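Two complexes are shown next, each including subunit A; its partner changes from subunit B in the first to subunit C in the second.
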Partner chain A sequence: MATLLQPEKVLYLVRGEKKIRVPLSQLYFCRYCSELRSLECVSHEVDSHFCPSCLENMPSAEAKLKKNRCANCFDCPCCMHTLSTRATNIPAPLPDDPTKTTMKKAYYLACGFCRWTSRDVGMADKSVASGGWQEPENPHTQRINKLIEYYQQLAQREKLERDRKKLARRRPFMPQAFSTHVVLQRQRSGAPISALYGLSLKEGEDQKEITIESAQALDEVEPLPEDYYTRPVNLPEVTTLRQRLLQPDFQPAGASQLHPRHKHLLMKRSLRCRKCEHNLSKPEFNPTSIKFKIQLVAVSYIPEVRIMSIPNLRHLKESQVLLTLTNPVENITHVSLYTCEEGDPDDINSTAKVLVPSKELVLAGKDAAAEYDELAEPQGFQDDPDVVAFRKSNKIGFFIKVIPQREEGDVTVAFKLRHDFRNLAAPIRPTEEGEATSEAIWLTHHVELSLGPLAT
Partner chain B sequence: MPLFEGLGSGGEKTAVIVDLGAAYTKCGFAGETGPRFIIPSEIKRAGSPEAVRVVQYNINTEELYSILKEFVHLLYFRHLLVNPRDRRVVIVESVLCPSHFRETLSRVFFKHFEVPSVLFAPSHLMSVMTLGIQSALVMDCGYTETLIYEGVPILSAWEALPMGGKAIHSVCGITMLVFSSALVDSIPEDVVEDIKVRTCFVSDLQRGMKIQEARFNLDGSAERPAPPPDVEYPLDGQKILHVKGSIRDSVAEMLFEQDNEEKSIATLLLDTLVKCPIDTRKVLSENLVIIGGTSMLPGFLHRLLSEIRSLVEKPKYRDALATKSFRIHSPPAKPNCTAWLGGAIFGALQDILGSRSVSRDYYSETGRIPDWCCLSAPLPDSVYEAGKMPPPLMKRAFSTEK
Partner chain C sequence: LSEETESGVVKIAAGAVVCVESDIRGDVTIGARTVVHPKARIIAEAGPIVIGEGNLIEEQALIINSYPENILPDAEDVEPKTMSIGINNVFEVGCVSQALKIGDNNVIESKAEVGRNVILSSGCIVGACCQVNTCEVIQENTVIYGSECLRRVQTERPQPQTLQLDFLMKILPNYHHLKKTVKGNSTPARS
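Take a look at the complex of A and B:
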């Protein structure tokens, strides 16, 4: 029976760029456009960063500076688990009196999962619990920065040229800028700067030229050491590809050079409707909170259809299926169902004919207190017993008749659900006196149910 | 200098640099010394147990679109942690990438993620940027193929060979199954890759020639040099895969074996040199750059140089090439990140990055990415530099397959 409650049994159609059929629990409802939205038709944005192990929020400026890594937590380079700081007592000489020794605390990092410790790579124990551990620096940083400066200078020149000669014919300047500019390692007398299309440094620009050495090519490459052919491989000492790629700057081949890295942050996402640019979902700032500041999910606005029981379905025989309809809003909702017409472009999956109740169904509003009220007062709705099976606070059960048209395969039916929607927080409009605060809009959704295989 | 100093002084945000490779993707930000992440180019889907490769050229557009969308989503929201709408994108890619793939990728970036602009940069050109030299002969030994390309700004001679990491994996996997005692039917590819990375290496020239001879056994008397010791590789925590020593050094040999057309990686280089104009040959042969993950195998560079030097003596090349000196550069990054680093350096040049990229407005107006060989479209002046390079003198060298 629980299989009937699976969300994939009832799909709602979303008319975005593509037509997507998704359960209602995975959809959002834009209250301003009055349309359903799925994850594909909203734009995702990064809202806030936090560390997954210490659950500390990090402002985005700091995150950018720290390269999206937490300042306090480390990852084990072998197994990617979070490292914990352990302390030992070591004897250390007192600063005042070198002869006497006292116990000092020394901290080191250790992995609880694979038993890796920071002492394995030769990192000395630190005397402060946190903040003492440094990541090694890339040896090529200086050279790369110089290269960037040099190219930036070339780029500036090109931009100046471009700005000046806006109407002239174009040529990409950068490559040609190389030929007149770069001081090659060969004996080529540095071409005079004025050769660069008459560009002269005006406007008090800096006269300082940044030239860099071109890289020197090597004649010989180091060969493999001789014992490579005969030395047995110590597999635990050789790093796996995954371990290497976690440290793109160094990619060490030996496990004794694997340094731990700071832990990478996670982020919280906020969603925004593409059409009206309103936020559909905005999480709380606090990493430990699972609530949302804005949560426009579809299940809190659209009545939800669920399958309650399915009889044996036989080919070309009419059977009654019991469905439930739940009203998520607090006011009374009127729902009418329509069958899909012939040649409906949305109706591509149905393999059975369906007869839906023709009368309008009325759903009571959701009353939070009603679940504690044991004596449910009669709600005073006149229900047709052929259509409505039961009624309980904001939920009703009703029958539809299904006639499977195919002999084999799953039975799928589709119908249209039309309900009224009161936009309680409509965009601010000047309300005239005496007018109802909100008007009802009628929304129509295309719903598909998959009722399972035919009974044999 | 003081006028233009400071990248982050309230200017544009740093661009996102992505190098989508067949096996691994390198992603990060402009102006940094290394990629933030190197992740396998695949996504895991709920349906299939195996991961789906992202860079596939033969699948239909819809499927490719959804795979790329999911992958780029992961890149932004799990690894880079930034908003796509704020930052320009530089995609470092191989020139052999089919237009259909490039167009789908740009559609994903523009339509779904709404990035401000995209620039497609050829990976070989970018690697040269990390060196500060004018021109070089760049060889990219990657996963699916080995590709040679020439420096700035001419694209004249290129060569490719479908021999890369993937070929090594398949050979390695098969020989291991045949020779080793394992209780498994087939070894998954990531295990093969791991074994290759950790245990295999490239022998030097003499030893390599002897191994090749012993394999083909032309005169029946060639003896195989003593293999390196075997390795016990634990598999799944329970079984042990016994990797024979002979596998360790012989699998890399297939990169250097000359097949029926007498093509190997080394001849690739020499053939390219032959194709080049004579006056450029000397400059190019002294400025070799090798990038790509496969070239990180221990002993690869040394072997390559020795092979080239020995092949240049052969009659086929001796007359054609007068130059005999070959020099290799060592870029300031690991070979698998060199192209990425070049892209990062270029992406840090905010002055011209904007003018050379394809902006979102341009894309929404025309709906296409100008390809590097596309001479037809009458582009307005302001976006002339939107193409990657100046239109080359020769027409497109290969056909697009859909």
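Take a look at the complex of A and C:
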């Protein structure tokens, strides 16, 4: 029974730039466009950075400076778990009297999962609990920084020249190339003004010329040691590729050179509809909070179809499948189902014919207080017992008839779900007559169910 | 004769703390300063078990000297092999150990399974939920971890759990009845 609650069995079609079929729980609903949106047809923006182990927020500028790594937490270089600081008491001579020893606390890093310790790579114990640990310095940092500066300057110069050329031809849109910002910048119609602004600033600045030496090619390469092929491999000492590539600066081949690195930051992202530029999902700023400031997810607007029970399906024999429909909104929703017509371009996966109830199904509104109310008040809906199996607050169970058309393979059916949607978003045009604040619009979705294999 | 050895005597040295709720069957010898939690099971079916000193055997741990799978228990030509466990080992909650020879300072973490043909030397750590049923001698100071039972060698052996043992030896008698130890239980007054 638990397998039938898997949401991947019921897919809703999203008509975006690409046609995507995803379960409703992974979709968003733009209530300004009144359309379903999937993760691929929204733009993702970085909201805030935080460390997953110490849950510390970090402003984006600081994150960029620290290369998106936390200052306090370390990752085990062996198994990538978070390292914890442990303390031992070591006898240490008193500074005043070398003959007496007193217990001093020494701290070392240890991994709880693979039991790696900082002593394994020869890092000495530190006397402070945090802040004493340094990452090894990359020997090539200076050269790399110089190269980056040089190329940044070159890129700016090229961008200026290109902007000048484009201004001369008076093009209205400027694609922002060579942008050093992490956030993707969208096309704006006010671009010529900002480009001009940029030009005037740069001309006033005194540009410092940065030159770099070109890299020298060497003829002589250090020869391999003579026993390279004959020396037996010490397997515990060899690092795995994953361990090696997590430290691209050094890529140590030996496990005794694996130093811990600072932990990567995670980010919270906000989603924005590409057509109307409204936010679909905006998380809270606080890393410990899982709530959202704006959460326009599809399951809170669109009725959800779930499979409740599947009988034995046989080739070309009609069987009844029990589905449930849940109403997520607080007012009554009317749902009608239609079979897909012949030659429907969306209907590519179905392998069975389906007969859906022809009458309109009425779903009661979701009443948050109803679960605490023990008396189930009769809701006064006249249900056809052939169609509706049961009714429970905002959910009904109904039957569809499935006739598998193929002898082998999984049975997949598709149908259209049409329901009324009351837009509670603030209307752009104020209603003049003072009638009901929202009017219902009818939305149609294409739903596909995968009912599993035929009964043998 | 065979029935006598099967029901065997459990010899618990003085200083060991063995709770009454633990299930010890067969010919088992338990050393001093060893703590056996309630619901631990030590079963010596196919031979005696000798457990050294300073070991910590936690709840629902199973140390079993069982017959190898392809030999029937009634066959007469099976020699009883002794399972020996060294000192300062830790058998965490729910682990299963059938290894015939375990050295010192090993840690078998929760729900780990160690097969009969494995020999743990010293300082080995078998990680949680790892199953080791190869036929080999595990090198000293090896750590077996992860869902794929990856291995690595650490430079120092795990510390013996002396603090934990001392604490348990004080606290457990307050809440559980203990099995009687062999020597030094009731010393008659000497004149």
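Note that the second predicted complex is superposed on the first by the 263 of 456 C-alpha atoms of A that agree within 3 Å, B and C clash if a C-alpha of one lies under 4 Å from a C-alpha of the other, contacts with A are read in each partner's own complex, and residues count from 1 in each chain.
Keep this in mind: a contact is a pair of C-beta atoms (placed from the backbone, for glycine too) under 8 Å apart; a residue touches a chain by one contact, two chains touch by 3 or more.
Source: prediction; values computed, not measured.
K.L.:
For A:Cys79, using the defined touch cut-off, is the partner it touches subunit B, subunit C, both, or neither? Pick first, second, both or neither.
P.N.:
It touches subunit C, and subunit B stays clear.
K.L.:
A:Lys291 in the overlay: touching subunit B, subunit C, both, or neither? Say first, second, both or neither.
P.N.:
In the superposition, A:Lys291 touches no partner, neither subunit B nor subunit C.
K.L.:
Is A:Cys114 touching the first partner subunit B, the second partner subunit C, both, or neither of them?
P.N.:
Once the two structures are laid over each other on A, A:Cys114 reaches subunit C alone.
K.L.:
Should A:Pro248 be classified as contacting the first partner (subunit B), the second (subunit C), both, or neither?
P.N.:
first
K.L.:
Pick out the shared contact residues on subunit A: the ones touching subunit B in one complex and subunit C in the other.
P.N.:
none
K.L.:
State the interface residues of subunit A toward subunit C in the complex, per the touch definition above.
P.N.:
Residues 78-79, 113-117, 119-120, 236, 255 of subunit A touch subunit C in their complex.
K.L.:
Note which residues of subunit A are touching subunit B in the complex, please.
P.N.:
Residues 40, 43-46, 49, 63, 67-68, 138, 140-141, 143-144, 147-148, 150-152, 155-156, 158-159, 162, 166-167, 170-172, 174-175, 178-179, 182, 184, 205-206, 208, 212-224, 228-233, 235, 238-242, 244-245, 248-249, 251, 253, 264-265, 267, 269.
K.L.:
State the interface residues of subunit B toward subunit A in the complex, per the touch definition above.
P.N.:
Interface residues on the subunit B side: 1-4, 24, 26, 31, 33-39, 73, 77, 79-83, 85, 112-114, 129-134, 152-153, 193-194, 197-199, 201-204, 207, 225-226, 228-229, 231-234, 249, 286-288, 296, 298-299, 301-302, 305, 325, 327-334, 336-337, 341, 345-346, 348-349, 351-352, 355, 381, 384-385, 389-390.
K.L.:
For the complex, give me every residue of subunit C touching subunit A.
P.N.:
Of all residues in subunit C, those touching subunit A are 125, 127, 142-143, 145-146, 150-156, 158.
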